[in-house]
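Shared between the two complexes below is chain A, which has chain B as its partner in the first and chain C in the second.
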Partner chain A sequence: MANKFGVLPFNSPVEPTMDYSKIAPLIGVQSPRHLPHDRVTVEDVDRWCQVMRDTNPLYTDEEYARQSPHGGLLAPSGMVHVFALGTMKAAIDQFVHGKCEFPDDPNVKLNTVVEEEGYTGVMATAQRQQHFRRLRVGDEIHWTLGIARLSDYDHLTRQGVGRKYQMLYQFFNQNDELLCNQTFDVLVYRAPMSTRRLYAG
Partner chain B sequence: MSREINNVYWEDVQVKQDLPEKSRVIDTTLIAMGATWATHDFMPVHHDRDFAQSKGAPDIFMNILTSNGLMMTYLEQWAGPKAVIKDISIKLSVPNFPRDKMDMNARITRKWQEKGENLIEVAFNGDNQMGPHASGTAIISLPTRG
Partner chain C sequence: MALDIAAVKALVGKESALMAARHRANIPDIRHWCEVIRQDNRSYREFEKSTVSAPAALLMVWTMPPLWSPEPKAPTEPHERAIRLLEEAGYTTGLAVALEQKFMRPLKVGERLSYKVKVSAVSPGEVETGIGRGYQLDLHYTFQNQDGELVSEQVCRRAQVTKVTAQTKH
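Coming up: the complex of A and B.
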């Protein structure tokens, strides 16, 4: 029920603003294991550390890392997601031209549906990483992802009316050891027309 | 390479202890390079102002991998190389846009031992001039003096 300002509460019931039946089969389905693009390199770690201003010698000082219990250079654990992101060409193909590297992944199918439904804005809102093993320079990262849930009602947000969904990632190294479980929350939204006009120039 | 390396030990920290605050200037370079160069996130809303505005945003904005990286680095730089972040949850509120500054702070909220590990939980925040950008909690395994 709307309040006196005509605003629906967040826990409003399922609303007929999108066809949820197209989404339901995608929930709880995990993608196939994706093969790594590349190994974790010293250069990858160096770029991260420059931007983050990370001076941890386990990431930046080969001699220190070799003498540590780890026996060699590590990469910051938070980097693990980096190696699941594609090349620049793949991203531009996906986000500008709508051609995805993994068109059968559940999140890609979900994004296609929500965009057709008018939720053209997209924004990551939260994530949780549970780290089980250290990420090492030289590792190859395999991953799988799926959709855990999608809100079945519209949220009223600063960006506009939107829906939230949660992705589940699992990251493995070349020895099939689980490095990290990650949830990743995304808001897709319909930017208000007033905002679009304002920034259209 | 010789340098002074500080480690924080589990015995030396207390619940309700505040970590020293740190700040980062948020500019176009940090947002664009953080997204593309450091975290391989080529979604154009993080480096292409025209594209971001076509999606309803006023400017490019920081990607969550960079926000997570800045907060993890803030915590690790305090704790030292012997510490391990086991679990980190981060929630984004207002975006980090260019021409801003993010002030990072954290407080120890819990301290315990479990399965041979010496753990603390910290609650952290990264605030910009519009309000909270990133907030969350992290569980960190610390070394002991023993």
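Coming up: the complex of A and C.
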């Protein structure tokens, strides 16, 4: 109990702690498979190579690629997530109208819980990719995503008090072969009042 | 370098060689376009089943020069030389100010476009525009498919101006 000056006793938690029981069932579970909107195509690969100034003939020279040990055109491995993105319509539905395309995915459920707990700020902090197999032109990539972990205590960051969670994306080709594991670290935080005023204009 | 307007005017009426599009009219680009412009949520599977012809607005997308290439192309065609002459004379900013498009027939998926550009007019003297002084160039584009069938004709009016002097609101 706070005293008459509103000061909490030394050993009391300053902030109410998060109800971890709502989170626990969401950790370590991958979503159902999501289907892509695009095949891996030479047109998209070519445009990526122009922008990245990548002249590797394995990506653009069909004859060269056929005679290589790969036996055909490849796509840059870094493009794996390009072919596994949601559409603009899905993004507008989610961020403008609040209608999520896959409401049962663990990351969507987690976001609802952390928002209810007051962690309203979201910031992507790191991304790592581990590749197991080359991406080939013509591939159809499908993917699952889940929450690998969530910090069980608050971090004091420059953005405010927050938690970190790590998403795990797994990308597969049409033969169900794992192409890539990708982790994506997110900081969710309670923005201090000064920051909130800044965003509110 | 002073502008040799006679050299620019000499290019009027000259047409470029036929230049081929980098890619055929293809499903992935049509799908990207439909996704962004029409908020279309369908996947490539549905597009592959039902798409026969390409949206007319995509013609210029397929005939755009690459965003980057290892060996930059020297300006050899008449319209490229006209633009280069103006740029070297200090009219460094190019702006498309008008575009008239005429479509003769729909472009089918799988067809490979090629196009040529004719310098159809240049303004007789400097013109005053809202963003600076410059010259106007009218470029006439002709698009055809791989069999030489005419697909579209477009006239692009382009202003080459000295420097952009945009008025600020405040």
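What we mean here is this: the second predicted complex is superposed on the first by the 177 of 201 C-alpha atoms of A that agree within 3 Å, B and C clash if a C-alpha of one lies under 4 Å from a C-alpha of the other, contacts with A are read in each partner's own complex, and residues count from 1 in each chain.
Here is the rule we go by: a residue touches a chain if its C-beta (ideal position, glycine included) is under 8 Å from a C-beta of that chain, and two chains touch if they have at least 3 such contacts.
This one's a predicted model, so the numbers in the text were calculated from it and none came from an experiment.
Q: When the two structures are laid over each other on chain A, do chain B and chain C clash or fit?
A: By the criteria stated at the top, chain C and chain B fit after superposition, with no clash.
Q: Name the chain, either chain B or chain C, that contacts more residues of chain A.
A: Comparing chain B with chain C, the partner touching more chain A residues is B.
Q: Per the contact definition in the header, classify A:Ile92: touching chain B only (first), chain C only (second), both, or neither.
A: Both partners, chain B and chain C.
Q: If we overlay the two complexes on their shared chain A, which of chain B and chain C does A:Leu35 touch? Say first, second, both or neither.
A: second
Q: Scan A:Glu43 for contacts with chain B and chain C and give back first, second, both or neither.
A: Touch partner of A:Glu43: chain C, not chain B.
Q: Answer with first, second, both or neither: which of chain B and chain C does A:Arg53 touch in the superposed model?
A: Both partners, chain B and chain C.
Q: Taking the superposition as given, does A:Pro192 touch the first partner, chain B, the second, chain C, both, or neither?
A: first
Q: Output check: A:Glu63 vs chain B and chain C. Expected answer is one of first, second, both, neither. What do you get?
A: So A:Glu63 only meets chain B here.
Q: Identify the partner contact of A:Ala24: answer first if only chain B is touched, second if only chain C is, both if each is, neither if none is.
A: Neither chain B nor chain C is touched by A:Ala24.
Q: Which value, in Å, gives the least CA distance between chain B and chain C in the superposed three-chain arrangement?
A: Taking the overlay as described at the top, chain B lies 8 Å from chain C at its nearest C-alpha.
Q: Between chain B and chain C, which residues of chain A are contacted by each of them?
A: 47, 50-51, 53, 55, 87-88, 90, 92
Q: Given the complex with chain B, which residues does chain A contribute to the contact?
A: Chain A residues touching chain B: 47-48, 50-58, 61, 63-64, 68, 76-79, 81-83, 85-88, 90-92, 95-96, 120-131, 134, 158-160, 184, 189, 191-192, 195-196, 199-200.
Q: Where on chain B is chain A touching in the complex?
A: So the residues of chain B in touch with chain A come to 1, 3, 5, 24, 30, 33-34, 36-45, 51, 53-58, 63-66, 68-70, 72-73, 76-77, 81, 84-92, 94-95.
Q: Note which residues of chain A are touching chain C in the complex, please.
A: Chain A residues touching chain C: 35-39, 41-44, 46-47, 50-51, 53, 55, 87-90, 92.
Q: Please name which positions on chain C make contact with chain A in the complex.
A: The contact residues of chain C facing chain A are 22-23, 26-29, 31-32, 35-36, 39-44, 66-70.
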